[in-house]
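Should a chain be cited, it is by its letter among A, B, C, D and E, assigned in written order, with residues numbered from 1 in that chain.
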Amino acid sequence: EKTLIKIGVQAYGTADWELAALQDDPQTKSADFIIKKQPLANAEAGKIALQSGAVDMIVSDWIWVSSLRSSGEDFTFYPYSGTSGALVVPEDSPIHSIKDLQGKRLGIAGGELDKNWLLLQALAKQEQMDLNAAVEKVFGAPPLINEQIKQNRVDAVLNYWHFAARLEAQGYRQIIDGRGILKGLGIKENVPSLGYVFKESWANNHKQALDNFFKASKQAKNRLCTSDSAWQKIIPLTRVDDLPTQTRLRQRYCEGNIEQWGKQEQQAAERIYTILHTLSNRQLTGNSEHLQPGTFWSAH
Amino acid sequence: MAFYLNSNILPAPARVASVFWQSCLSGQLPYHLGVTLLRLVISFSIAMLLGCGLGIVLGRNKKLDAFFDNWLVIFLNVPALVTIILCYVWFGLVESAAIMAVVINKLPNVIVTIREGTRTLDQDLLDMARCYHLSKRKTLVHVIWPQLHPFVMAATRSGLALIWKIILVVELLGRSNGMGYQLHLFFQLFDVAGIMAYTIAFVAVIQLIELAILKPLDRQSRRWRR
Amino acid sequence: MAFYLNSNILPAPARVASVFWQSCLSGQLPYHLGVTLLRLVISFSIAMLLGCGLGIVLGRNKKLDAFFDNWLVIFLNVPALVTIILCYVWFGLVESAAIMAVVINKLPNVIVTIREGTRTLDQDLLDMARCYHLSKRKTLVHVIWPQLHPFVMAATRSGLALIWKIILVVELLGRSNGMGYQLHLFFQLFDVAGIMAYTIAFVAVIQLIELAILKPLDRQSRRWRR
Amino acid sequence: MTHIQININSKIYPAVQKAGQHLAIADLKLTLHSNEFICLVGPSGCGKTTLLNIIADLDPDYEGEIIVGRQHAHPKIGYIFQNPRLLPWRTVRENIELVLESKQRADIIDPLLETMQLTQSQHVYPERLSVGMSRRVSIIRAFAVDPEVLLMDEPFVSLDAPTARQVRELLLKLWQQRPHTVLFVTHDLREAIALADRIVFLSAAPMHVISEITVPIPRNDRDNEAALESFRQQLLQNYPDIKKLL
Amino acid sequence: MTHIQININSKIYPAVQKAGQHLAIADLKLTLHSNEFICLVGPSGCGKTTLLNIIADLDPDYEGEIIVGRQHAHPKIGYIFQNPRLLPWRTVRENIELVLESKQRADIIDPLLETMQLTQSQHVYPERLSVGMSRRVSIIRAFAVDPEVLLMDEPFVSLDAPTARQVRELLLKLWQQRPHTVLFVTHDLREAIALADRIVFLSAAPMHVISEITVPIPRNDRDNEAALESFRQQLLQNYPDIKKLL
């Protein structure tokens, strides 16, 4: 009999696309797992669903997994995507680098503990700039932040990747994205920002099926990136009806593909963790100095 | 303001109407609205029934009131977020947890309003009822309830509105259908026309309730006034 | 239930207390609480003042009431999300937009409650006031207001709670400080202990308001009752 | 059947704010014999209503005891309050129906409404009645329950003379048909003499009994105005204590 | 100074639900001369209170007109309602102070409280007063404003005989000190004769004037009980119409 995997996905999010593509694949029928998709409205709903046991798996970040583990839970993480947010300005903006942000109004999605914001500050510090003091910060919900820049109420925005992609499609210019920031901080590895999160004990009982699911998921992503017909099928799920935005979304999505996942990347993650731990003054990571062992799932 | 009328921020009425019409045709809107209304009716009924009962008891019993008063203030002011998370985490992402979360959020409001009403009950009429040995039921239905009516109406009107506000969050955090779920998706896409269309549908339903149920009740209960 | 007590979902009281203590020491909690309270006081005052005024007018004037009734139902039931978004989009992510969003959400509730109270005013006493040529001000302060008092108290108690619920969303969506902003951060990290600590702080403040202001007001206004 | 012994040591209303405490009743002893018709006469504010409330078991907060003889611990009481206390959201008829149990309501209510000239107004809500009319409704309500003890707190004020006369006759008729104990508060000595077996004169606060006077005029002679008037004059002369009250 | 001409063609209370419409007043014509003391006598529910409300300008919904002579369009009115209508959240004293403007309040209030024997109860809230006491408060309130027209709707019910006598004397004293027009509703013919310049007898609904009788007894002879009684007997004999009312 087949293993039932209940997955909580953000409605119309990339995981939703991927699962749609996966279920569309005739091979899936013969696989040893069955996917049951539970659409949810936002990321927090996913966390609630996972913890209440309503789903087996969601897509989330590894920092949260680590902090869960530090409080005794046995959740673990398997990479899903490396796409991350970006700093975006209007096309004709005088801003061309982080230095130019001096004295400008910066819209930031997600609040002061947003990873990209913390890392951006670290990068600025390397260039002897106290970004926190140098810009006028406007925190807000991602859609509202996008509206702010469209109304010229802010000069630049640091937003989640798909909100940034939408702006780009409308001619806004990307200054730097999450991976660029990390590179600037000396982390060359492509560290995933998001991954599947699930209970380790549960995973150990369903190793084989889970492994197959991850493989199938990767294939589905590859298909979406390589086959235009596969992409066409999931376009309704993007909820975007103009071609430039669709193209931009697909491009950014595919750039987030994780090709390498091994010791090196995990050590890089450890370094990022330490940076965030200090930058956020422990608020983001919790008290634990180090990434909890077992945060990253190894099937072997 | 006219400046904005053309932007997608405040979409033109025609656009909202077309979105409205399409979501009706696709069955999306009726489905989500129906789901939310069902939750609203159930949780509203539970909250009003319990709330009126407890409100009357606390209003008439000083000792119980002194004891529960603190709890009432706490429950009144615990953020919806907290109760919702706890309900979901304890009872799972099931319908009953959602409804319980709504009830817990609404109940203290009803209690507070009805308790205030109970404190103003006319002692002379209660004495009359006692003296003529009216049964508990008769006293409640014919002597106490009509005096509470304005408070019940206030609790009903502002209660429907409050439940609707809470139910949105409840659906957002743990359901896969309903207006809250849907509105949040629209918000993510910044589809203001969609938000408007759904809002209008809901407000229309409440207007209907107002016209078909509350207004006649009002009239009925005020007919004796000069 | 005891089963959950150790999990991070419902943290042990000791843990909440330590979080509470630390955020107090760091000045974080007092800062965010202060900001939120300031917003609460301002928007509450505006909403109550306007609401009582309009409620009395609508309660006493059948024509105006018939006209505004529909609008009231609409404003009562427009989702907080919608008004908040519109306020922010129109006026930017600024303080006044936040406060206006809260007021718009709370106002209809106050109006509805006070209007219900105004409809129950004792005509005999109003006639007395008229006959003895009491000034408008005297009639309002000494004849009408005491009769509205229970309704005002109900609106105050459930209003504080409602504003607090809305202010959280307002801060979550577009402010860089305040309890809502902070709770959202905790929520993203799923830090229930942090959420609890902040909730307790807020509830304590409301309890204080209840004990220091509302209870004495209650007692004052009920001293004439048998 | 209902013999009531009243023995109130003290009834104190506690102090509230600037108003001090008030000793309303002190050492009041009074026996109501079965089926007796007693009128209470005393100055305004002396405590008559307070006393009736205690007897009706509406006010447990006093020192002393009320012993209700034999049979029932709680006799069926009809109380005509000093204010009508009608439910404003029920019509005249519904107000009366409320205190009745059975389905023979119409049999009881209709004749009473007729006598009180309220048949026409039976579907009117109390706020639309004149004061005298509401008073009559509250009288009907008390009569309708067929009480064992009837407490009447100035029931006939605001009634015009012919109506008052008619109600008085009705009261006596009912009382003779089915005897019960009546406690009747009035400020009108003429009325008291016309109705009472015994008149109890009460002092100003703290209230106690000044004197009890049996009215010796036989029942069938009570509509003889001259007889009543002469007894009244005689009373005023013989009891200088009472004269102050009148 | 205030001559009032009342001319009400009809006053109709509209139908409500099962209760039909009610024609309360029809073709009522009445002139109140300046500073006259008029008593109104009529059956319960005939429309006396309705009439006073119309005169007090509380009820504009009638056919006809009230012409208030010369000087003031709105004379200063003191209205003793049939129910006291005190504000329950204000003490006795505060209730009276409410209707007064100036700072000489104490000068006006204190003697009135004294006469009405309410000095002790001046800080009591109305719900804790006896009915007779509240009534006295409402009387004080009306006297305190020093009205040009005084409307009194059965003001002395629930007052014991000595108190009623005292209030009656006070009323006459104030009226003679500073003349004003008085309209006094009563069911007690003896009281009417003792007080009135003119007694107006009113019919049952629809209310109109049956007859107006001037009381010829001079003011200084009004405490002669015999004179009053003989006038009363004479009245009953001469006016068979009126006898039905009494």
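Worth a mention:
In the analysis below, contacts are C-beta pairs under 8 Å (C-beta built on N, C-alpha and C of every residue); 3 or more make two chains touch, one makes a residue touch a chain.
Remember, predicted model here, so these are calculated numbers, not experimental data.
More inter-chain C-beta contacts link the pair A-C than the other of B-D and A-C. When chain centres are set by their Cα atoms, the one at the greatest distance from subunit D is A. Per-chain Cα centroids separate subunit A from subunit B by 37 Å.
Once the centre of each chain is set as its mean CA position, subunit D and subunit E turn out to be 27 Å apart. Once the centre of each chain is set as its mean CA position, subunit C and subunit E turn out to be 49 Å apart.
Contact of a single residue of subunit C with at least two other chains is seen at positions 9, 85, 89, 187, 223, 226.
Across the assembly, subunit E contributes 16-17, 83, 125, 128 as residues in contact with two or more other chains.
Residue positions 44, 51, 141, 147 of subunit A are each in touch with at least two other chains.
Against subunit C, the residues of subunit E that register as touching in their complex are 53, 56-58, 74, 76-79, 81, 83, 85, 87-90, 98-99, 125-128, 141, 145.
Subunit B contributes residues 124-125, 127-128, 130-134, 138, 142-143, 146, 221, 223-226 to its touches with subunit D in the complex.
Those residues of subunit B that touch subunit A in the shared complex are 9, 85, 88-94, 171-174, 176, 180-181, 184-185, 187-190.
On the subunit B side of its complex with subunit C, the touching residues are 1, 4, 9-10, 70, 73-74, 76-82, 85-86, 89-90, 105, 108-109, 112-113, 116-117, 119-120, 123, 150-151, 153-154, 157-158, 160-162, 164-166, 168-169, 183, 187, 192, 195-196, 199, 202-203, 206-207, 210, 222, 226.
In the complex of the two chains, the subunit D residues touching subunit E come out as 13, 16-19, 41-49, 82-83, 91, 121, 123-125, 128-133, 136, 154, 157-164, 187-189, 244-246.
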